[in-house]
């Protein structure tokens, strides 16, 4: 089965392959009466589009969104919002040489095993191009969240062996690296360039923070906020791990260190730390949500690798074409989008129970 | 809202509080004609029950399951399987002294913010006791998975600052530590005892592996196997992070290192490594699934901490009573159960599309 | 597959067979802070329980509900509400003689075909006894709806060939017939008695009206209010048809007759008729919801009928035991309950989008 | 909320307004490896499109479907199938005169109440034009069902006061009336013409039958086959009632008449009647499914009616423009489509549990 619908009340359903005529989808359950700021949406789309960063793929797509329904005179009507994004820069011939080979680290083999058929042009449905639709849906959701003062920002905090340090958090972080300003900024960029010149690729870590959070979002036990965020973000291609707050570090900690103690000062609650990353028992506590996300190196590399082909024979493969040497940087707006989708849905659910 | 239903075709819905009369739930969509091995189920329940390990809580519960429907003459009928687990060892008076205080690191504050009311006895719905129902549902699902040769095993691989090394993987791992045999076994146990004698608690890491996997499980893009596993496992209380395969390490790697190259030998496919942790593009590749899960230290500690009360005043708190000094060890069977629930559901979906 | 979960935000999941130890379920997503009036709930349960009417089955069940979670000090906590209803008056030996025969008009054959196995005691899961759980869930939902002034009432308006006329609508309608006062009341009761003395059964029609409706409930196009009500009510055993407002009569009408024209008088909107039955475009218009529901005659009759057995041989069958000669009357509280479940869920969704 | 997704495994999500640029949607969870017969799909679309019958609207739309994904070299890949249908014959000026008036019998008022905003051009989302997307999804599903020998046919069996009699069932029934051949055929057509010349409209009844059914489809108790069919068909605009088999007539029957007795002859099971309409206990019994559906008269009529406007003032209204004088005839392919969507989904679920 394929399943391309995210969300409970606000739902995003998507379709489209890397080299088909268009991608697109439906945003359903979106509230009526919201003014749609197309400049904001375009700015979000531009952040992710191929060609947005000099450190990314050479493919150029404008990722122009055509909205087909659900908006009347610039205002949402409450009806389902259909949209498409035309592909314009396909170069399917890039894939002729490897059409019958399974690229290591790619979904070629698993799609073939699952569906018994596969669109070999550029990854088909498993291509990162599908995330353009997520960014559109996420941008709509951000408009909702902003009404409540909730702001989402993500940035690259590690590339390969180089980890950012001492940075302050003031998103949105610009290209080419979508990283906060830090002493390691240039070295992180160099990691990418070196990988590329080695006909290789490199991984990275994306951090995402949500500020202005309301307490009370999340539905225990099966719809916990951290569980749904983890599921949504893990569904982005190339993501291999996620942690909240002190995350894996908390495993090495004592309770007395890790617990976020609480304090009232002048009628205002504060937590003395944020090891929880803003979520306790699957419900937001009002503190900033903090997540770290591990992104594997792009599997498409020009170096020769061992693989097999459709005929189940051993064969070498070199994946040439136009690939991002480090997919982590273009994952930044996608992480923001998936976070927005989950939070807007949870916000909407919370409103149903407000009193 | 509360949402306590996991799954698409095979679904587990649960209820119950730590100090109420009973916990329980419904397993729905379970196939008919499956012989229910009650000894197997009891052994799974026994692994998780309070009192199962000398390194855990002093609370003693037998966690006897009463099955109320869906099984006739020992065979599943295909109808919904209702079950309850009576609480027998409540000692609600333990909570009298702290009933109006929000325990740091607990869900007390977030439940109060979300629902405007809270059952203060032992954590109510946010208590780890709810996982008993997950273990029951998971045990049923394991019976299904075993028909296909799929086996799930989890074990503790780190406690506090002590990480297991050089272990071989032969689950199920027994109490007291639910860890593989390794040079650090005793030191891991000592970490727990030291934390306890310090009136403190400590975190840990659980590893989970699935062997005998079929390729083709998982539903891109919104129901990817890793995304659904991440969501299911992150929904277990105290889990703060999860990674698949090389996980966070992959972020520091090159594509040429991280890609799992493929080889046919004697007609049999093998991957030359398993950095993917058995999942590519959200679909299983037939390789073992490997996950690492970060578990925070138990928030309930007898040491004095700073907090606030219902009246929004500052107050110290000491959480006394019967608590696990390290919740990671009792999380082991729960991780196995959630993995089983996801995989059985995905298996069932895959069967719908088999040809 | 079996699927026993109704609803989107407020969800009822049920289990239990006619002759098993207990039925029960989980009400999930129910708002917190609602005082639970147990007398009201018991009165609803009593309306449906076997033995509630002299015109029904001789089986006597008290249908005592044991609530296991989700309520603390008489107030809902927002967590899932687990409940069970013990069976106390099983007489499974009634079914020994027909255990391997498929009762005509029953689900025996279809369950056997679907699941390859069947609990032959009293209909197992397909028994009307499962509706006790729906009535519990519905009663909780009615408590919510009453906060908004929404009231649900159903009554029998036809038995066999006798149709009530000239009745006024003042529910709840009492046993034995659960019908409004009308000239045909006695004749309707006689239809049932005659059928029973003929070792036969008889069908009937239930009308349901909802007053005090809010406009705006219902989610086009897949969650329309009338569609969801139709689905929920059609899921009650023995229901074979449903219509809204002028229903099948509208098929014979002109638009100029059937359209409900509108009028403002003293600032108050009124519709000049209610052929729509309170729903337009799948959304409530504030007018009363009016539904008519066709209930087939009870399939269990003592008369000899032709059927086949598990061995696929022809055989006669006489279904003896304790059956309702007319199931329509005991369907009344179940229709009310399913209506309440749908409306409370829709109300909750509407609140999520209120501004 | 709007909710535009039908189905569990095979899901259709739609969008689009009558006078927007395009309608469209996503078919998700559709099996891979199915050859798509575009001629078949076009023939289905052509049956419903405006202009398909001389007894319908004068609006002409080609309803050309552009498929954007999920099909590669004419074969489904298992990925989500995106599609759009451009509107080409909008004449929005038709609505200028009534843009601020609520048309009686329409969803204008309820959309305004629900969403606080409304697209006044031709009904917006509540227009029958949205059903074009359902017909596309249904046509795909019919391709699946045909592999199993399941065939769906619907036809008009009553218009206004004229009911077809003595017809034999050999669908597909052609325009202009989409009715089986019968003595009343011309009179039914006359009912429509008379209504039209009276500046009025008229209702009708559609019958739908499914032949070649498999036993075992349907998921008790919340996903019963008849319940899901009722919900899906009731979600079509203008449907006001539905019944299965003997339906409302069963309410007047005795059990001994209404029960479908069973017989084995030469190893083959037959039912001696089909009052159940092919469904018992919410599960198909292998007999033909038979449904009757009440369609109200088109609410748009040129006659003057009383209504109110956005300013909540009384006003007369005449709905001019290009309307179907009897929507029942164009509902025929939509009923077929919704039936196909439900059955294909249920078939897919049944396959998951086949052994």
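Which chain is which? They are A, B, C and D, in the order written, and residues in each are numbered from 1.
We adopt the following convention: contacts are C-beta pairs under 8 Å (C-beta built on N, C-alpha and C of every residue); 3 or more make two chains touch, one makes a residue touch a chain.
Note that the structure is a prediction, hence the values are computed from the model and not measured.
Chains that touch both subunit A and subunit C: B, D. Note on A-C: across the candidates C-D, B-D or B-C, the interface recurring with over half of the contact pairs conserved by residue number is B-D. When chain centres are set by their Cα atoms, the one at the greatest distance from subunit C is A. Centre-to-centre spacing of subunit A and subunit D amounts to 39 Å, using the average Cα coordinate of each chain. Centre-to-centre separation of subunit B and subunit D, using mean CA positions: 45 Å. Averaged C-alpha coordinates give centres for subunit A and subunit B that are 26 Å from one another. Multi-chain contact residues of subunit B (touching two or more other chains) are listed as 1-5, 9, 14, 29, 32-33, 78-79, 111, 114, 116, 125, 219-220, 349, 352-353, 355.
Against subunit C, in their complex, subunit B makes its touches with residues 1-5, 9, 11, 13-17, 20-26, 28-30, 32-33, 66, 68-70, 72, 75-82, 84, 111, 114-119, 124-125.
Those residues of subunit D that touch subunit C in the shared complex are 1-6, 14, 102, 104-107, 109-111, 113-114, 116, 125-126, 130, 158, 160-161, 195, 198, 200-205, 215-216, 218-224, 226-228, 230-232, 234-235, 237, 240-248, 250-264, 267, 269, 272, 275-277, 279-286, 294-301, 303, 305-308, 312-314, 328, 349-350, 352-353, 355. Residue ranges on subunit D touching subunit B, taken from their complex, read 8-9, 29, 31-33, 78-79, 219-220, 348-349, 351-355.
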